[in-house]
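Chain nomenclature is as follows: A, B, C and D, assigned in order of appearance, with residue numbering initiated at 1 for each chain independently.
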Amino acid sequence: MLTNLFDGVAYGMLLFVIACGLSVTLGLMNLINLAHGAFAMAGGYITVVLVNRMGVPFFAALPLAFVLSALLGLVMERTLYVHVYRKSHLEQVMFSIGLVFMAMPAVSFFLGSEQKFITVPAFLDTRYEVFGVSMGAYRLLIILVCGLLAAGLQFIVARTRFGSQLRAAVDDPMVARGLGIRVDAVFATTFAVGSGLAGLGGALGANLLGLDPTFPVKYMVYFLIVVAVGGSAGMTGPLVAAILLGIADVSGKYYLPQFGSFFIYALMIVVLLWRPQGLFARPGGR
Amino acid sequence: MADILSVEHLSAGYGAAIVLGDVSISLPEGQSLALLGRNGMGKTTLLNSIIGVTRRRAGIIRFAGVDITKLRPEQRAHAGIGWVPQERNIFRSLTVEENMTAVARPGKWDIARVYTLFPRLRERRANMGNQLSGGEQQMLAVGRALVLNPRLMLLDEPTEGLAPIIVQELMAALARIVRDEGLSTIIVEQHAQKVLGVTHQAVILERGAVVYAGTSAELQQNDAILEHHLGVTGKKHA
Amino acid sequence: MTAALQTRNLLRRFGGLVATNDVSITLEQGARHALIGPNGAGKTTLINLLTGVLRPTSGTIWLAGEDITRTSRARRVELGLVRTFQINQLFPGFTPLQSVGLAVSRRLGLDRNMFRTIGSDPRVVGECVDVLERFDLIDVMNRPTASLPYGRQRLLEIAIAIACGPRVLLLDEPAAGVPEGERGEIMDGLAALPADVTVLLIEHDMDLVFRFASRISVLVQGALLVEGTAEEVANDPRVREVYLGDDAHG
Amino acid sequence: MSEPTTRAANMAEAARALRQVSRAKPVEILFWLLALASFLFLPDQYLLLNEVAITGLFALSLDLVIGYGGIVSLGHAAFFGFGCYLAGLLTKFGVPDPLMGLAIAAVGTGVLGFVTSFLVLRGSDLTRIMVTISIAVLLGEIANRLPGLTGGADGLQGVAPGLLLGRFEFDIFGQVAYGYSLAVTFVLFLIARRFIFSPFGWSIRAVKQNALRTSSIGIHVNRRLVVAYTLAAAYAGVAGALLAQTTSFVSLDVLAFHRSADLLLILIIGGTGYLYGGLVGALLFKVIQDFLANLTPEYWEFWIGMLLVALVLIGRDRVTGLPAMLIGKFRRA
């Protein structure tokens, strides 16, 4: 029971780190980006290449996965995404699905279509028993890293000038511009960091979520749930939504294996019926 | 003295709607201007055009001698235009202090000075933007524009919907900024008498066109014009 | 005679703010009534209450003697309470003829028909032509709405409303955003409104208000300040104060 | 106001203009003549053409939702797959007649569409995307978890439709299959066309352009969208049923995400909101897909994705505007 809870929390925090960038892009630019999972996949495969092929130590590969995914995100934002902000949601959906369709065969062309595992240091394979809760070291690491990241993000968004500018731009982009906030630069930065975090999450979660070229589609709805249920008003909503989702998914699959992911989708439909704007959306929000 | 702002033959609106047609105004540096007119006559659109959030059809806007027509709103703000929007538009998920730190630029106006001007804001510094009263929101909107350290302030109906006591306090603060600091200012108002005593110049807009431009002192004495353009009779040839 | 539209003690709160405060207003059949007031006086809230976008906190609305306080938006239109918008709300891809045709079809109860073509009923064609002629839109009736000059679009905004067959028409700033040169068309359009339709005009342009309206209500901070004939309102010291400032002759 | 003669002229002109919109244009007649010609003269391509006709009908159904209703759906395969399984199961459980199967599939899927429309019509575009995806995934899960009924991951075996109209047997060359699919698609197209140009259809197009105004002329916006969504679901169900009957096989793939996504691409290629977009797009898509699959069997999706990205970035109007522009020049010349 508690072990499930523990696993669920680890899973949920991972989803949060991957998806948190998505909530900002939606809130700030009203952009529906279904290709966000592709950046997570990129981070996973970058780590596979670095660790398995080039022998880079796992812990050195993680920051690299972040940086390279962030760079990829920045380049994509400046060259491609920048052209679709003003387009309709339908076009944004088409555009981002197109990117997913390109990313999947590209990965299987260069790296093969089979599932990949990242070689992690041996000490991460052990399990600890604490008060009868069996905790895998790897999941503990995920909770630790993702917890630190969540706290760091919360700090940046809530305490720094950049965070204030970000929140101001989400609140009212037009007035923010009129008062001298460079909304486009704030957004590009956020997009890059969001992509980097997705990449880092993809690297950390590769062995847990299963890394193969179908990754962006397989988890698309999960990332969207975090955003739609969590809202885009801050970091807390998506974090809580992600952890709830993680716990629900893990326990659902454990206690009701015959239903598979049925449970989670049904739950989501119920939640969205109850609160169409998300569980944590502020009233009158976009 | 050189003009801080000159608007020449500006025509602008939103989407297909044209609100301003061929408007020209100018303001010498260090002076203040009351922009008057009844509701819906284009005052806010003119202000929004100066900050750059409307659709311009024709004309140019010069700021401190430089053509800023092509600049984006944030570039105009950096050039030295401070804006107090009509709806105040306080960032609701930011605290009072963050509303200012997020936009502050170095200069003689810092947050401490704004707190001296509006002590009420200091008490409320940790409150979120959406927890303020109308008067506090207005003070914050003014303070937020001040910490941009602008050379020109644009104030859109700063007293609208406020209690008389708050209006007095606000107008006193504005008078200090305009008179003692010599900050160039444009104040949009529906109620002429509230601002004519504070400002140097006055312009009346009617249906998107300038129908009066002169000094505030002159206008204050001219009941006929006040009644004609700002009163309710609406008789064109009264 | 029953009033065309009547409200009694209409009140709407948003949290602590009273946006509409105890408004009682009566529009006689065929009235030309204007509603004026400074920004933020609650004119938009009042329109939203009348059309059913918002529900009043308390108070009642009657349309031709029928209590419509709780009636749905679409039903109010069917009963004959129709509005225009301050910002054009048109069908950019339809022509004026098609836009008006849809409204006419709805009024004639043909809009649920799935298998007749829209122009197959001669009544629809006749009424479309009536409305388009009335507002001088015949020459552009087959052009896409999006390509029309703004003044014409404003007229179409009113034409669609008239095509709904209103008993009471709420006009929200019909002249807003219309360039000076095209204002004459709007004036003509207002003059062409059917005499039996009761009109409530919300407008800032006093020329238009005084030319059009026989009665004027002044709304200030959500409450009715004055109601009377154009003459009475123009000469009312309280109204002058609202429009000129605290001490108009200071 | 105006002279009686001018009024009469205006009446005639208005009646003409209203009628003209819904009148069949020569190019439309040509389109269907070509379709008929393909049946008469392209026997080698029946299998591919059958798929084109079915996909075209399926895309037409999505066009009713997106192009006319303005609802962004990424799970339209739910209805296609539901109709597919329904028709497949009917042949196994005592209703071998194809047309009867089609009718039952249409009604059954329509009911599913009606029920789910209330989930879909709430909320924003994002919510709609998620709910539509989820409904498709849920159906996929159900089909996967009920192997006794659906054959699970192995697919539904032993689908054996009876004789069409009691006379024609589905042959292995696909002649009857294509003729059947084409005829059904044509009939449903005519119905859709009638529907779109009816006052009801106008009101649905009005909703997409401006929901606020539509409700302000007294039309219940949501009720209209429920009808459009239900009708579209029934159409998708028929398309799915056609696939099950003409290929005698149903697999989980009919509910897969890529089907919904491909369908959007088809509409983007063909254009939304003029009814032919789905049919034209389906043909182009199948041809492109066929070509790419021969070129790079495993990686054709990449090029499809690139096409999507390019279409959005360049703007479909500019791509399709080109032929229209050329035709215009040709006409003027």
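Everything that follows uses one rule, which is that contacts are C-beta pairs under 8 Å (C-beta built on N, C-alpha and C of every residue); 3 or more make two chains touch, one makes a residue touch a chain.
This is a predicted model, so every value here is computed, not measured.
Peer 1: Taking a step as a move to a touching chain, how many steps at least join chain B to chain D?
Peer 2: 2
Peer 1: More C-beta contacts across A-B or across A-D?
Peer 2: Answer to which pair has more contacts is A-D.
Peer 1: Hey, which chain ends up farthest from chain A, C-alpha centres compared?
Peer 2: Following the centroid criterion, the farthest chain would be C.
Peer 1: Report, in whole Å, the distance between the mean C-alpha point of chain A and the mean C-alpha point of chain B.
Peer 2: Those two chain centres are 43 Å apart.
Peer 1: Report the inter-chain centroid distance for chain A and chain D in whole angstrom, where each centroid is the mean of the CA atoms.
Peer 2: So the centre of chain A lies 34 Å away from the centre of chain D.
Peer 1: Distance from the CA centroid of chain A to that of chain C, rounded to the nearest Å?
Peer 2: Going by mean C-alpha positions, chain A sits 49 Å from chain C.
Peer 1: Counting in whole Å, what is the centre-to-centre distance of chain C and chain D, each centre being its mean C-alpha position?
Peer 2: So the centre of chain C lies 41 Å away from the centre of chain D.
Peer 1: Should the pattern of chain-chain touching be classed as line, ring, star, complete or other?
Peer 2: Ring.
Peer 1: Please list each pair of chains that are touching.
Peer 2: The complete list of chain pairs in contact reads A-B, A-D, B-C, C-D.
Peer 1: Over in the complex, which chain A residues touch chain B? Could you list them?
Peer 2: Going through chain A, the ones touching chain B are 161, 164-165, 167-168, 170-172, 174-183, 233-234.
Peer 1: Give every residue of chain D touching chain C within the complex, in rising order.
Peer 2: Interface residues on chain D, with respect to chain C: 1-2, 7, 10-11, 13-15, 17-19, 21-22, 194-195, 197-203, 205-206, 209-210, 212-213, 215-220.
Peer 1: Using the touch rule from the top, collect the residues of chain D that touch chain A in their complex.
Peer 2: Against chain A, the touching part of chain D is residues 66, 72, 74, 119, 122-127, 129-131, 133-135, 137-138, 141-142, 144-145, 257-258, 261, 264-265, 268, 298-302, 304-309, 311-313.
Peer 1: State the interface residues of chain B toward chain C in the complex, per the touch definition above.
Peer 2: 13-14, 16-19, 21, 38-41, 86, 157, 160-161, 190-194, 207-209, 223, 226-227, 230-236
Peer 1: Give every residue of chain A touching chain D within the complex, in rising order.
Peer 2: Contact set of chain A toward chain D: 26, 32, 34, 80, 83-84, 87, 89-91, 93-95, 97-106, 108-109, 113, 217, 220-221, 224-225, 227-228, 258-262, 265-266, 268-269, 272-273, 276-277.
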